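Across the two complexes that follow, chain A remains constant while its partner is chain B and subsequently chain C.
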Partner chain A sequence: MSVEAREARQPWILLSPALTAVALLLFVPLLFIVVYSFWLRTATGADQVGFFLDNWREALSDAFYRDILLYTLKIGVITTVVCALMGYPAAYFIARSKGNKAILLLLLMLPFWISYIIRTMSWINILGVSGALNSTLLAIGLIDEPIQMLYNQATVVLGLVHFLLPFMVLNVYVSLEGIDASLEDAACSLGATRWNSFVEVTLPLSLPGLAAGGLLCFVLGCGTYITPLVLGGPTDAMFANLVYEAIITQLDWPLGSALSLMLLAVLGALVLIYNKYLGMAQLMKGLG
Partner chain B sequence: MDNTTRYERLRERYLNGDLDRRSFLGLIGAAGLAYGVQTPFNKGALAAVSQVRFDGWGGVVSEAFREYAFGPYTKATGIEVVDGTFGGGDEYLSRVKASQPGEYNIAHLSGVFDYARYHNLGLSSELNEDNIPNLQYVIPKLSDVFRKVSGGSLSCVPYDYGTTGLAYNRKHISDEEMKEKGASILIDEKLKGKIGGWSDWRTRVWMGALQTNQDPNDIKDIDAVWDAVRTHRDLALKYWTSGAELMSLLAEEEIYVTEGWSGRIYALQEQGHDIGYMDPPNGFGWQECLFVLKGSPMEACEELLNFMLDPATSIAVAEGQNYPPALDPQKVDLGKKIPTLPAFDPTGTLSGLTFADPGYWNGNEQDWSKTFGRVQKGY
Partner chain C sequence: MSAVTLTDIVKRFGSFTALHQTSLEIPEGNFVTLLGPSGCGKTTTLRMIAGLLDPTEGEIKIKGKRMNDVPIHKRNLGLVFQNYALFPHKTVAENIAFGLKYRGVSKADAEEKVKTALDLVQLPHVGDRYPKALSGGQQQRIALARAIVIEPDVLLLDEPLSALDANLREDMRVELKRIQHRIGVTTVFVTHDQSEALALSDHVVVMSNGRVEQIGAPEEVYNTPASEFVASFLGTSNILPAQCLDLDGTEVSLDVPDLGRLSIPKSRAPKLDRKGPVKFVVRAEKVTLSTDGSASQDGITTKGTIEAVDYQGQAARYFVRVGAHQMQVINMIDQHPFAEGDTVSVHLRGRDCTALPGNQE
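Then we have the complex of A and B:
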């Protein structure tokens, strides 16, 4: 075998364990889900094997699923915008701080050491009727009766922002770190104010990081079911909750499979659009 | 079907003239050969039973099981009990559906309708009751409903019972008001934002039936029930999904009224919270059982069930979880605490409780669970 042929094979040999894992743990299960989506659930809860389009017809034509999907996308957009507005200044501060970056980054990563469910549930102790916030407001006499703050759309967004903000900050931070600080100085030396140099130089150069953080926040936010379950009211369910209900409560694995593929297709399309215009490289930097 | 039943059927067919002598002897010979060939391996398989898997609700119930049943059982038999937990019957059924036969063995299931669901999915087994002598102490009515589902045999032993009644904060709702309004308190405009409810379709439909003055086991106007469920949804602050969440919402006064599980409400009362509990007429009664899944090592499971049904174990578990045991108070002295538990019936007849008719509820399960999924989300 020639040296060229051996060199051409080497990356594939090195990649083969990872590719095998991806094939076995991602593509094969996904294939099962695709097959399942064409089966039917019988009245007893058993599956009827075959090729039926009923689940897909229901998932695609029923306004109920469309509305919940749109609501999910709406919550995803709101969460992403809030994360961007809150995350950018924090990332900028870390990127421009001198000397204590490592501590600030460690603080940013700290929430990941606690379970996502525990972090979500902690809001009950903060915003509940007898929670920390109401107790403080009552103690200082600002209110006479506790305010009902939990179990609505706002608390769902709050819980999601709490969960996703570090992803946004990290992506923007990586992007800001890659910008030569002397460019801002150069803009100022040419007569731009600090604000102008930020708007004209720093912000445009950091947009890929912002977009990568936005994509991560949006995709993860749209796929969650814990936050609406714990912090949402009776009508605050998101699309992943429908998948959970179909599979766990109704034992309708075929319909649940069709619904999960539908969500995957919508979010996958957004990732493809992102990749077409901005590329995945920035996303990898943020995750790395 | 066991080998004895197969032989008896063959013999009957032979005696009735449906099978000639040659075929009969040939089949018996083949059966004997098969038995002779497989027995040495089968014996090995039986001897290899080294563990039994049990899945339950966790918490104090599992602790009591570990202390009073699993430990002594392992000591007596050398078989280890692998103790798992689940969040609900639906979730567990999904896990079992995705498993291989024999992977899961015994489950602490809720409701006769769950028993019927498992049976209809071909997941039930057939217990040899001779191996479970403590079954004699169980209230007969509790076993009979299971027998009816599985054609006379049992795939489980009844273990405890309770009710899903109305729980209310006495600071804000009086006992008199509860008596007057019953289940309709859950759709009282005055309490908007202070009402809770379990996100379980059966409970929601049951309460809707009571709110529209219908028999929960024979609903004539389901549209009226869905309207009541919608009204409740619009007035409710939160659908709770676990006993811990139910207790937290009531204890923290996020809600003033909800339906609740009798044992959990009793636990709140024990903690000193001024929470009242009332079973409205036709309130939701239920029983839990220890279900043995198909493909399990039967003798090992039967022996474990016998340990779990031992009065000392049953009483300890009942005192831990605050639900009366399935033991007949006419046959077993249940001590001091159990007679004070909500839903306890000293007569052992359970005539005061209304249980869900499994045939009726499972017949409507597919339609109603799906409809509730939509109604719950604002439709």
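Then we have the complex of A and C:
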């Protein structure tokens, strides 16, 4: 075999373990889901194999699903914006701090060592009727009876922010780290204040990280069902909760499959649009 | 009036003193180079003038005004970095116009100034390109254009040539000198490269370990080093222990072991104040080697053996054994370089040599 042929093959050989895993664990199951979505669940509870469009008709035409989908996207957007506003300053602080970066990054990673479900449940101990916050307020006499703080939209967003913030911080941090610190010095020497130089130089150059972090937060936020399940009220169900409901509770795999594919399609389309207008390629143009 | 005055400046980082008490005056329109190895405090000094670092003690004045508490963006300085520090998301023209925006220059005027600056650095057609599309040398020219377009009181250059290839570096050196001459801006240049310092400067400030070793015109620091450090840092010098026999007249009489007795002009040894042990300094290129043993009238001639040859094309560097010492000699090559093992005549003249006070401790 020629050297060129060997070199051409090499990337594929190196990629093959990963490609195998992705194919077997992602594409094949996804294919099953696609097939399932055209089956039909009969009144007896058995799935009828075939090519039925009933699930899709229901998923696409029922206003209930549409409303929850829009609500899910809204929660996703709110969460992403909150994460960006809270995460950017934190990332900036870590990137610009001297010496103790490793410890700060470790602290940022620390929550990942605890299960996401447990982290979500921990809010019940904090905000619940007999939780830490209520107990404290009762003890110091600020309130006479516990306040119901849990199970609403705000706690769902809170839980999602808690879950997603590290992703935002890490993405922004990485892009800030890649920016040469002398750029800000150069801007200041030319007459820009620290704030001007941040707005004119650092912020635009860190947008790829902000965009990547935002995308990650949005997609993960929109796809979650645990947070609304644990911290949301009856009206706070997000789209993934419907999928969970259909598949786990009602054992209606065909409908669940159609719904999950619908969510996948919507999020996929949004990612494509996002990438086209706000994506890396656009932002990196000047960086050649 | 001095463009920049540093008075008793000290900079400490924790317990480490990066710059010991230093005073420095930089005259208006001068090109001053801070020269020294890394860690000598030259960049620290520059960053304090720029306002990127606060001095621990002392006062910084620019054009007679105290600058210690003036933030960098109000100092009106042009700053050029080693890594260019061009804004990658802005075009070349936007980069150059950046500082003009904060000076209330109208759009039309700014355009005109950007054009003039691009002409000055001889890159008139790159205005709408992005920095990444330019070569390193071109990027550094743009960085220079960006720094001078704001008509700064002082231009600060932090090793601006060290990221460039050797050939390009020499071209840029000439270019830099031309531009500085043309606009006459007071310039502080930081480098560890002695040839840059000697070629560009009106004054060279040689620094080592956070202290100024010598300040003087390039010729002065080169020919009359004030310390052993300066002698060995600038060029290749032979530093030999010697005895000062007499320093009462216009000449200083020395006895250099293995070389012999030699008189050097008093002006070449201004620091000598007593007889006794001194350090005799002669530059490698001031020693001549020859095959014939013809003794000349002035200076001393002795025998040596070539131990190693470092061929450099037009010249060669020889390591010559003279008695107990190995001397370095750089000579132009006449037809063929000497070969290892050759016995040669080593000749040097008193007026090419200097002497420094020996270790008194």
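In the analysis below, the second predicted complex is superposed on the first by the 273 of 288 C-alpha atoms of A that agree within 3 Å, B and C clash if a C-alpha of one lies under 4 Å from a C-alpha of the other, contacts with A are read in each partner's own complex, and residues count from 1 in each chain.
By definition in this document, a contact is a pair of C-beta atoms (placed from the backbone, for glycine too) under 8 Å apart; a residue touches a chain by one contact, two chains touch by 3 or more.
Predicted, not measured: the structure shown is a model, and the values here were computed from it.
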{"item": "Contacts of A:Gly99 with chain B and chain C, given as first, second, both or neither", "value": "neither"}
{"item": "First, second, both or neither for A:Pro11, with chain B first and chain C second", "value": "neither"}
{"item": "Touching partner for A:Leu183 - first (chain B), second (chain C), both, neither", "value": "second"}
{"item": "Most chain A residues touched (candidates chain B, chain C)", "value": "B"}
{"item": "Chain B versus chain C as contact partner of A:Ala192, first or second or both or neither", "value": "second"}
{"item": "Partner chain(s) touched by A:Thr44 [first = chain B, second = chain C, both, neither]", "value": "first"}
{"item": "Touched partner set for A:Val201, first chain B, second chain C, both or neither", "value": "second"}
{"item": "Chain B versus chain C as contact partner of A:Ser130, first or second or both or neither", "value": "first"}
{"item": "Contacts on chain A seen with chain B and repeated with chain C across the two complexes", "value": "none"}
{"item": "Partner chain A, residues of chain B touching it in the complex", "value": "90-91, 93-94, 97, 117, 120-122, 193, 201, 233-234, 236-239, 241, 248, 252-254, 363, 365-366, 369-370, 373-374, 376-379"}
{"item": "Residue numbers on chain A that touch chain B, as the complex places them", "value": "41, 43-46, 64, 68, 124, 128-131, 148, 150-151, 229, 233-235, 237, 242, 245-253"}
{"item": "Chain C-touching residues of chain A, taken from the complex the two chains share", "value": "180, 182-183, 185-194, 196, 200-201, 204-205, 286-288"}
{"item": "Chain A contact footprint on chain C (complex, rising order)", "value": "50-52, 71-79, 81, 83, 85-90, 98-99, 101-103, 130, 132-133, 143, 146-147, 150, 156"}
